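Labels run A, B, C, D, E and F following the written order; every chain starts at residue 1.
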Amino acid sequence: MMRLQVPGYESLAQSSTLRYSFSGTGVNVTSALAQLGHKGYLVSTLPTNAIGDAAMSYIQKLGIIPSFITRSGDSLGMYFLENGFGVRPSRVTYCNRQASSFNTAHAEAYNFEDIARDIDIAHFCGITLAMNDNVRSQMKAFAHAVKRNGGQVVFDCNYRPSLWGEDGYTKAKPHYEEMLDLADIVMMNEKDARFILGMETTKEDRKEQLMELIPLVAEKYNISVIAGTHRSIGGNNTHSLVGFLFKDRSFSFSEKMTFSVFDRIGAGDAYTSGIIYGETKGFSPNKTVAFAVAAGMLAHTVSGDTPTSSENDILLAMTNEAGDVER
Amino acid sequence: MMRLQVPGYESLAQSSTLRYSFSGTGVNVTSALAQLGHKGYLVSTLPTNAIGDAAMSYIQKLGIIPSFITRSGDSLGMYFLENGFGVRPSRVTYCNRQASSFNTAHAEAYNFEDIARDIDIAHFCGITLAMNDNVRSQMKAFAHAVKRNGGQVVFDCNYRPSLWGEDGYTKAKPHYEEMLDLADIVMMNEKDARFILGMETTKEDRKEQLMELIPLVAEKYNISVIAGTHRSIGGNNTHSLVGFLFKDRSFSFSEKMTFSVFDRIGAGDAYTSGIIYGETKGFSPNKTVAFAVAAGMLAHTVSGDTPTSSENDILLAMTNEAGDVER
Amino acid sequence: MMRLQVPGYESLAQSSTLRYSFSGTGVNVTSALAQLGHKGYLVSTLPTNAIGDAAMSYIQKLGIIPSFITRSGDSLGMYFLENGFGVRPSRVTYCNRQASSFNTAHAEAYNFEDIARDIDIAHFCGITLAMNDNVRSQMKAFAHAVKRNGGQVVFDCNYRPSLWGEDGYTKAKPHYEEMLDLADIVMMNEKDARFILGMETTKEDRKEQLMELIPLVAEKYNISVIAGTHRSIGGNNTHSLVGFLFKDRSFSFSEKMTFSVFDRIGAGDAYTSGIIYGETKGFSPNKTVAFAVAAGMLAHTVSGDTPTSSENDILLAMTNEAGDVER
Amino acid sequence: MMRLQVPGYESLAQSSTLRYSFSGTGVNVTSALAQLGHKGYLVSTLPTNAIGDAAMSYIQKLGIIPSFITRSGDSLGMYFLENGFGVRPSRVTYCNRQASSFNTAHAEAYNFEDIARDIDIAHFCGITLAMNDNVRSQMKAFAHAVKRNGGQVVFDCNYRPSLWGEDGYTKAKPHYEEMLDLADIVMMNEKDARFILGMETTKEDRKEQLMELIPLVAEKYNISVIAGTHRSIGGNNTHSLVGFLFKDRSFSFSEKMTFSVFDRIGAGDAYTSGIIYGETKGFSPNKTVAFAVAAGMLAHTVSGDTPTSSENDILLAMTNEAGDVER
Amino acid sequence: MMRLQVPGYESLAQSSTLRYSFSGTGVNVTSALAQLGHKGYLVSTLPTNAIGDAAMSYIQKLGIIPSFITRSGDSLGMYFLENGFGVRPSRVTYCNRQASSFNTAHAEAYNFEDIARDIDIAHFCGITLAMNDNVRSQMKAFAHAVKRNGGQVVFDCNYRPSLWGEDGYTKAKPHYEEMLDLADIVMMNEKDARFILGMETTKEDRKEQLMELIPLVAEKYNISVIAGTHRSIGGNNTHSLVGFLFKDRSFSFSEKMTFSVFDRIGAGDAYTSGIIYGETKGFSPNKTVAFAVAAGMLAHTVSGDTPTSSENDILLAMTNEAGDVER
Amino acid sequence: MMRLQVPGYESLAQSSTLRYSFSGTGVNVTSALAQLGHKGYLVSTLPTNAIGDAAMSYIQKLGIIPSFITRSGDSLGMYFLENGFGVRPSRVTYCNRQASSFNTAHAEAYNFEDIARDIDIAHFCGITLAMNDNVRSQMKAFAHAVKRNGGQVVFDCNYRPSLWGEDGYTKAKPHYEEMLDLADIVMMNEKDARFILGMETTKEDRKEQLMELIPLVAEKYNISVIAGTHRSIGGNNTHSLVGFLFKDRSFSFSEKMTFSVFDRIGAGDAYTSGIIYGETKGFSPNKTVAFAVAAGMLAHTVSGDTPTSSENDILLAMTNEAGDVER
């Protein structure tokens, strides 16, 4: 997507300038992993005009290899971002989403079998699942191809109520279940289990709900790793995150990290990339979840949607001590 | 429309910043006339989100009275502008046009009868005519209401091939003829007569074609005033304009004005506003066309699509002498 | 006034760039009420030059109807604003105030009788009262005209010591009393009662002083509604506000709202607009004061002097919970 | 003065940003000579607030020694500059001029006798002469002190009709004559002789008028050197300058230099500084006038009022050949 | 190199802002060819710090594949660019050149044999040849490896007097001859033949010198293709270029293209890329030289050192007609 | 040095713009004292190119008298600054340091005897001591000259491990001891005593170590005044400082000041300038250390390396109360 952000703290009606960049869950996760040393590809469609050219340049700048990007159509999803300040929340206005080149690409736009042979892990996002039947069937076809070729499927639930509309959970459930059946690593928490999958619990505390429901999900859909976060929002622009990771029937939890927020969007994708990185590196579950939550924390302090931290940055942040200037 | 312009001379792929404003033929003509002392209204639909709020503020800033603007939908037509330099042409990339709130407003969005009672002159544009059946029927209904209530209809042909697609002239002709039948003042030149209306001429010179065809158009559709320009493009970023005005069976031509161009978009609308102003003020045809072409020339030197010149600015520019700084 | 603000946190001596806008108590209150759905007019005089043109455009952008603005003279009051950071305070440098077109407009610049017939409520500010005899007599003439025509007079004490000079309270008192006699709604607190009106109290606590003196003021000058705030300033750029409203012999107090401050100037005007809005909407006193203090709080988080919040924004802020990004 | 310039080609009503700097004839001439190796002082008064601090920093940045600057009052003259483009002229809006700290400094603000002892040459400007009686008498007192102490007086006529008002030439003449009587070097041309001094000529050609009148002026007021320029304005933003210098009863003329203009304001001061520099260096009259006109030409290509060229830059420009990038 | 450019037309002493990008002959040629559809690699060394990271991102944004870039050292060559205007020339200030990571990379930094196996054409630049013995021997080793592996060597003479110092031509000649012996395609003109290679001619006209000397060079060093340009500089910021190409014992010349210049640096590299493109595509010599000179012309109108034109842009520019805005 | 700062919170790889200024310990201390009313000179060497010109202008803008600055070489030390946010630390990348004009100035670049006669106090910095033998011997020669001429030597330890490399403390010690022997006022704390001078202590608490070691240093090297700070870093971008001053065998400590940080670099130099100012003004040790720590605190809130506070600003900040806007 094209992100068009009003600089500073003005509204769209007050300003006359925008800063733009290109992002999206796929871009963010792939770029974060490229920063950490992986080779990352994006499977998408960009318009054949100046906007598509700009997106292409930007994606390459992030270190993403553009080999699997096709070009057709004339439109890219966009969102406008007006920064909040303190008690005034940030505001996002989407436009042009359904008409995007990605959402209108024809059914055979991608050669998933070839792509699947070239990669080890494919990341899928619940936002894509909400788009339309065409995109959903492409997404599932790709996931099947990955499994057929021995790759791993990562699925990030990322349920967005506004995209599914009325009775959204009911509409979404079968598609989510299909993806969960294919997935090796799943990003979710107890809310997804309760609301999308309709699982019930008598517990009231979030963590207790989590510890009851996540093991049931892992078992039912045969998922190796389930990970996610609990976020709480404090005063004066600070957020807190606790990460969890469920694997081999046991939970690992990170410490609670509390930090000032500069740019909240895309921070969840940094957490996801940390989980994938830890898993591929063979980190212990404790280290993986600590690494992922530090990656997520840092992404809140970085300009733009897309995480930019190196492994060293993240390892340093895991110590959770504010430092003096590095010189 | 929302105009999103890359500042300076970079491309969308090189830059990371945009300047935005809100314009369109209707905005430009109305605002130009408001600068000249008329009360100007816009009849349109803006989205009910932050983009619509920003457009609303901007239009008011231009001195347009917003009483006839309705709010619905969530989308505004957009175009991206990359400035050319010298031999490298400027580039416009449209997006989101058909899905705009204006183009999707329901059939009874406006109370044309009430509006028509409040106004003396209504300006219509051939670009709107190219949008879709819904918009076309609203446009014609409004024009009929204006005539019923004793107002004047101004119609600007503004034919854009890319909007009408294949066999565009054939598709467009009946709609153009319907508007020409209603119009009192028409902006066009011999190309519109030849290509849209299918009129034939054996002349080869543009001016001779013009002088043959325009009187025929005026007679056939019973049009009081037909006006337009001939543009030629020189080296080093200079353009030349000659204006014409046909009225009471006789032509008036302006001198040829030659000038450096800063922002070419919207300059035609300044010419139109000059013609309307001259007609409403009772200028002689010679003065009207000289005033209009000076207004058009100045609009090439002003930042943004929308003309900003005062009557004094235009009268001064009619003398066509470059001056020292005014202090 | 023209506000010329150094961007970021540099001083005038460090920077080379200014951001400008146009504001003032009248602009702020009127624009805030226009955002909330009222029709708002400004009664003022702007210079007949490029600065006046720019002010005119800006005021229209804010949704203010310019019908009662006259143009004469060549000067506008200005202030330069250098942003503070943390322990370093912001700094305001006024210039050109007495010589402004508004302050030098001739005695019959405005037709107050006509204006008064068109409006329901007129807002007056103690800053204007400090300008000069000419402006003071215009202000009082207008207030009398409003009363004669059945309108309501709102008077905001806004006492600024630097404008009244030595023995300021003594000079100011008769003018303030004249306005209080005419006023229906008054913005003030116990300091104004003590220092301008010279009322005495043996209480030491601010709230106790307030609760003793405000009822006496309301009775003496026959004022329907008196409202105001108590502000306290904390560390790390946070302020707290408690609003009060005295009506029908009883006090309503808001909760204490604590928040980070982005742009403190003009926030008092947002509170005033909230009181006026609540009164015209027939809110309960409790709701009015809660609404007003939330409006005031939000105005501290918005760029520029002029409040921009919609009714929904304010109702949401009344819940006083920091939220995640709205998307 | 404070120069507040709208960046790019927008108007004050379109933009929201200003670039500011500090200039004036005295600043420009002194700074230009400082760039050329002279020690330069400014004799002026700046306000005791943030604006005065900023002006002080700026003047030091230009290499001017601030020893003779006093601080009092709270106001600085300002002008707003909107850049023209092509046929659209630039526009200057002055404000706050008479109220400036300089124009209101008390009669004994400066110790002219001490200052005169420290300097060799003092430059005076006709714009200052137009201000008020107080400033005029300070200016003359300083000029007398310079002469008493053996220094040279340079006087630049710089007649501005808008500052002298009705019957301006009549009012100005005695003051100009007083300065001419004291001056060693005078900047003027035939227009000043005709209109300020009321001299008559039967010639019609500007150059013939010049060659008739300037020798008479030199003789009457006993002036060693009179210099000035003839400017003509071409299309496409080009100006031409011819410089002249009259000394020892004979004229020297420069070639006609034609060039594109970037920032016209202050360019005349660069010419003046070139004349002073040539005279103090003992250049031949031909070289002085060629140097001065090249300095003036370059100043049209430099951002801001104040010339920035080094001696090498000017010597290179005297060759009048456009060059490739210097690398 | 890192290019640090003062925005607009200010000097380093006037401004406080820089725009930066990363370029160099190798970057420019490779990126230009990547825009035209080739796969392009850069063989270089970037520092292992934030500056190197930024250069890496930038190079990827340009579409260059970074596989052959090594990271070591802590320094990148830089140049500061101050834009000239009209008669005032642009100014380039180099710094940090000899100490750059590229110039200090150890002798075995690159595996040239492997690289040579992966590529078809390698481009070498005379600027690199001027650096130091270490770099020179790396450069020659690479060129030999390319030849051994059946690739083509392109050598661009790009002689810079300031880099070779006193007796530069004498020092440079043997190194140039070594490269010419290896080269298939050479960018040069008659000046290089005369001054570097010491060839003599009795002709006075540049074109005649060219037509005498270039065939001798081609024969002596056994070069398939020699190409280059003649540039002339006009007033008002216009340059003219004529391209030539010598192949199979015959010359092809382009038309003389005249155009306004926006950013002159790097334009020669666009010409080089056009020659390489035409040769690899099998264009006729006439088409190749026309294509190359149009590519070079366009590069003068594009922001930054690095050409950005697509094949379509260049084909359009070959028609040499200024066009109206593309919409 | 030239400071090149990425604006906002982007990294060098994300941004394309830099803000630059010129600073360094010497510049900062001298400018801070110039703000407080001292005459301040800088003894340094700047390159003879556009970068040196820009540095020269900037230093004059800060109020530093440039008489003792020589010009030679072509290089200035630089550092790039990327702002951190919250838990993400700021990052400094130095380049071009050893090759700077200052570090390569020939041995007799400065006439220290003349300079020493003109000044009362000379400030020396441990960073300079780390550069190279040439600079070290110049520095010591200057310090000896100052002592010979009856001036005071201030020495700021400012030990930077990265500049001294391996076994840095061992290498540095003899040079530090030489400077300490000459110094009257020394900026240091217990870490310098322990690590550079190798003093031992059995205490574990920083303050106890300080109180044990500093008196020993003062006695051993015969130093009149030793001063420094203890810094602690809190969450949410707040730092705390406690200042100390040891004189006449007794310690004075400031209160602990806690504050939000905007620009941390150069804040230590503000503390140093406060100590020098207090000593020259004859403040009591308690007032000096309170003044210095308030000066240091304010410098954390000011944009750029260089302190800008006036005496009034600092006296106000010593009250340590956050205030409302000053108007």
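By definition in this document, contacts are C-beta pairs under 8 Å (C-beta built on N, C-alpha and C of every residue); 3 or more make two chains touch, one makes a residue touch a chain.
Everything quoted here is computed from the prediction, not taken from an experiment.
Of all chains, the one whose mean C-alpha position sits at the greatest distance from that of subunit B is F. Counting the residue numbers used at the interface between subunit A and subunit C, under half appear in both copies, so the two copies meet with largely different residues. One of A-C, D-F or E-F repeats the interface of B-D: more than half of the contact pairs, counted by residue number, are shared by A-C.
If you average the CA atoms of subunit B and of subunit C, the two centres end up 42 Å from each other.
For the pair subunit B and subunit F, the distance between C-alpha centroids works out to 63 Å. Within subunit F, the positions touching two or more other chains are listed as 11, 13-14, 16, 57-58, 91, 236.
By the touch criterion given at the top, residues 4, 11-14, 16-21, 49-51, 53-54, 56-58, 74-76, 80, 82, 91, 93, 95-96, 99 of subunit E touch subunit F in their complex.
Subunit B meets subunit D in the complex at residues 236, 238, 258-262, 297-298, 300-304, 308, 313, 317, 320, 322-327.
Residues 57-58, 60-63 of subunit F are the ones that touch subunit D when the two sit in their complex.
On the subunit E side of its complex with subunit D, the touching residues are 8-11, 13-14, 79, 84-92, 94, 160, 162, 231, 233-237, 264-265.
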